[in-house]
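Same chain, two partners: subunit A is paired with subunit B first, then with subunit C.
Moving on, here comes the complex of A and B:
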């Protein structure tokens, strides 16, 4: 178990380093001089030279990369070229909004998707199975940004039930929750269908196993068989799927944050891309990658903790 | 693996889709597909997508760029079937022409990604261990960038364009094909017919392209059908954010973007721009699933 954890952790670290290297190469392949891009055309040669020295831009590229990695490892993501604030500080203010949205979206999707998948696997070809089937294909087919737009059209503009823009007033929890409903609905909707299909498929597979038949033959109640023996096994691939699909979830939150004008990491990347504020873009992209790698790591650890077979395979 | 293969009569391996001549097995698969209602529904939607994109100039009622300011932001009428946008351009015609952008991105993106992924995957599966590990690491790294975030970073550096969207689509979908090709290649690597070929002195290229590729490509083609909606959605999403296709070119994404800006004046643009996206996704998903069930039942879970 510890050996597995160590290997898995090492792999995550290597992936993050590779991603940092990829990002670094991308940033240094921008056509043009980084100093004049950062400072704009009006900077004097003295200011440019001072900036180049401060950012180590006069050093060889490999040395710059080491400094870059070193700073990132110390938690220093650089300085915003416009406001001169620390990028890390800006991002730490934005990150909670993104995490709240992602958790809320995934939360309602799990709460609805897994029971639906379970029920349709217990009673295949029943009305609930058919409704779930149609629902899951339907929800998967509508991209999350389209759900956002259509949800705004229906619930905010036609019915006027919910507010559209922003994250709600500071300190007013009810208002913030009201602002969270539509984005969380939009980001999570596709996941309901996705999870339901996945759970249904692996449930059906598990329900056909011999040990489930034995459990039934021993006269256990259906409820006991499903919840005690089948579901814990059937849910394993779903946990892996949630981990792997987290990147897609982050893409969804980016769209939702932009469309609903919510604060968050995705929105700050978008705004800073338009403003060409590269240090913030770089820091924020790095944060999303680390977030993704950490979530997949947690998902894998949970699965390996629940399923000894996975531990031995890596 | 090898035992099941040798049971199959005829020179056609199980996964090869549609043999050239009418082998009874091929005809049987065709019948199976024709009887699959969802698959046929998907096929109809996919054909509609192709036809409307290719013959857009024939079906369009207006020039997609022609402005008619007095009739701006109107609802459906006899002249403008689903209304007009903020410049009075006919939304129906623009949606048709937007399908051309989607088709172009999907066709080029999926073809290039499939080919590259196939070659990289076979190399990873057949080549030395270090190459396999390196390629897997690269794929994992690519996967750790959420698509939209990668696209935003790339656009920040290079500026928005259709070509950049294509590159992003290709880079992010290659790992899927490569992993699938790698797994099948690994399974074939030590089978008897490959070993025999090796001992006869066949070159690696010959083994990969003549003997392994035909056995590996089937599932990849099915994945390609299911990837089309993903690709189309990425293009629409990026264009919606103003990072892909640039105005005045019509794309489903730019129509949604312009429609979103005037959503309080007219809802018709965001409805008309979204429906083809949903129908295309449904069509390719149904078609892909039906193909998978018919040609590669092993891939189907939960039997």
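Moving on, here comes the complex of A and C:
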């Protein structure tokens, strides 16, 4: 297990370093003068010169890359060109909101999707399976932004049950939970169907295995067979999927953050791209990449812990 | 030492419980709306800077500055017209003659952070500083401020400048800074003013909100709303939905939403058109070899059906444009020198001997402008011109015609452009003088007569003569064949109908003047 962990960690570090290099190359491949791009058309030559010096843009490219990597490794993601605030500070304010939204969205999707998938597999071709199948495909097919707008029209405008703007008052947990419901619903709905289909397929495969037949032959109850012997094996690919999905949600919640005006990493990337505030965009993309790698790593570790056979596959 | 152990089965059980707990976090709330003493408004974007010398775009920096910073004049209504009025910070402001303005500040107005009283020295410092700033165009006629005593002084202009009060002192560039605090901050700041003085103090959380709360040191008249919450809602439709959900008291809306609400206004809501100080046109690069024949450019002018654009792209809510001077301003034209006549356009194309012409039309990728571009594409096809639409995001769009940003300007054929204007015709004309060729004059023409009229317009105080000057300037622009006038988009707000909402003619909210009816 430790050897697997070490190899997996090493691979993650390599991926992050490659991502940093790719990000650096992409930023320097944008047509035009990076100073003009960063500061916009109104900046005076004096401001442009000061910015170029401050950001080491007057240095050779290789030197700039070393400084960039060095700063990132020290946790220095740069400075917001407009507010002069630390990009790291800005992102540390935004990141918790995105993580909370992603956890809440995937949380309710897991809580509903996995049981639905199990039920469909236990009683294949029953009315439960058919209804679940139709609902699953339906929720996967409907775009999340459409779900968001429907949810706002029904629950915020018609019924006035739930708030639609922002993340709630700081320090007021109840208010923050209320503000979380609609975006988490909108982001997570598609995942309910996705997880239900995934678990159903895995469960059907596992339920046909010899050891399950043996368990039944020994007279174990259906509940014990399903929950003790089938589900722990069937859920393994789902855990990998959840890990990848959670990583994707860290930047994929952008539509919910915009429609519900929630703070978050996706929204700050969107806003700062419009404002051409590239140091913040660069920092936010980098943080998203690192988190993606970390979450995928955690998912892989969990899977390898649950299924020792995986440890030899790296 | 306690050893923490976890079995695989235990992990799965814990995960299931955690998932269920996450689900039970959802519970129904109750209806809510803005508190009685709190005004909640929409800001459509984050602020890059609040510094009056370096801000970008009037909204939202001006909305905030007018609540937390002093000024000699604000916008108000005079004889039913939007015009400057003395601000709550002054005992008096008086235009003595065409080049002298006397002012006396109220006593006892204190800067925050212990910087003492607002003084005439601060006024002089602020305006002197503006002549070196990115907004120095507003101070083209400013000479100096003579300080008489601690609270009073005289602003001296270097020439008569009719729009000085409205365009400069009452606008966002007329904000007064604390000299000592600004100098200590290095002479410039972004979104954290080193000292403020106003009825409110500001709390800003990036990309989330600006909260304005009562300033305990404020000795002037108190605003009707003790608190103002300004929420950043970048998406316009999301802003409209939030208003309908009762979470905003006032929100700026798009032409599409305006058309929808004109048909059916939500209960308890009112619509206010704050002004139409936007002018949109289709620019034509007269230096482009494909468009160098003026007959081709005039053919294009005659082939574009403005009524279809107004109806199709703006649902009839925008006003057709006949130049760059906006409705309600001196110099506004009543008609263009050409009209929609595709037959005449085709005849001009044939006369020029042009056939199979392919042009590009660049536009910002907003829904209204893309629709306008598609209508133009169909219009120009009628006279044998094939148009390829190139949608762009704001970054490359605003740089494409600037010589300092690359060579794209050489390849430009047609583009849809929109500028915002101040409450005086001078401001709109300043972007088309000779110095602006390759900066903002992307049509790349110049005219000695235009330059002469531009200087005359600055100094002329007779309104009838100014009208003639600015009408003629627009005629000159039109005669180049470089412009197809499109629309004046209105700045529209939806707000609670029990609120008396106040707006500057340039479309910003004057939140300190909002009051319950």
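Methods note: the second predicted complex is superposed on the first by the 295 of 314 C-alpha atoms of A that agree within 3 Å, B and C clash if a C-alpha of one lies under 4 Å from a C-alpha of the other, contacts with A are read in each partner's own complex, and residues count from 1 in each chain.
Here is the rule we go by: a contact is a pair of C-beta atoms (placed from the backbone, for glycine too) under 8 Å apart; a residue touches a chain by one contact, two chains touch by 3 or more.
Note that the coordinates shown come from a computational prediction; the quantities given were computed from them, not determined experimentally.
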Partners on subunit A (subunit B, subunit C) - clash or fit: clash
Which superposed partner A:298 touches (first subunit B, second subunit C, both, neither): neither
Partner chain in contact with A:178 - subunit B first, subunit C second, else both or neither: second
Touching partner for A:153 - first (subunit B), second (subunit C), both, neither: both
Partner chain(s) touched by A:50 [first = subunit B, second = subunit C, both, neither]: neither
Partner chain in contact with A:241 - subunit B first, subunit C second, else both or neither: neither
First, second, both or neither for A:69, with subunit B first and subunit C second: neither
Which superposed partner A:142 touches (first subunit B, second subunit C, both, neither): first
First, second, both or neither for A:258, with subunit B first and subunit C second: both
Which of subunit B and subunit C A:270 touches, first, second, both or neither: both
Clash-bearing segment of subunit C, relative to subunit B, as chosen among 79-87, 313-321 or 349-357: 313-321
Residues of subunit A at both interfaces, subunit B in one complex, subunit C in the other: 149, 152-153, 157, 258-259, 270, 273, 276
Subunit A to subunit B touching residues, read off their complex: 11, 14-16, 18-19, 22-23, 26-27, 29-30, 121, 137, 140-143, 145-146, 149-150, 152-153, 157-158, 200-205, 244, 247-248, 250-251, 254-255, 258-259, 266, 269-270, 272-273, 276, 278, 281-282, 285, 288-289, 292-293, 296
Subunit A to subunit C touching residues, read off their complex: 31-33, 36-37, 40-42, 44, 82-85, 90, 93-94, 103-104, 107-108, 110-112, 114, 149, 152-153, 156-157, 160-167, 177-178, 180-181, 184-185, 228, 231-232, 235, 258-261, 263, 267-268, 270-271, 273-277, 302, 305-306
Of subunit B, residues touching subunit A in the complex: 137-138, 140-141, 143-150, 152-158, 229, 233, 236-237, 240-241, 243, 256, 259-260, 263-264, 267, 270-271, 274, 277-278, 281-282, 285-286, 301-303
Residue ranges of subunit C touching subunit A (in the complex, touch as defined): 8-9, 11-12, 15-16, 18-20, 22-23, 25-32, 45-46, 48-49, 54, 56, 134, 190-192, 205-209, 231-235, 238, 241-242, 244-248, 393-395, 398-399, 402, 404-406
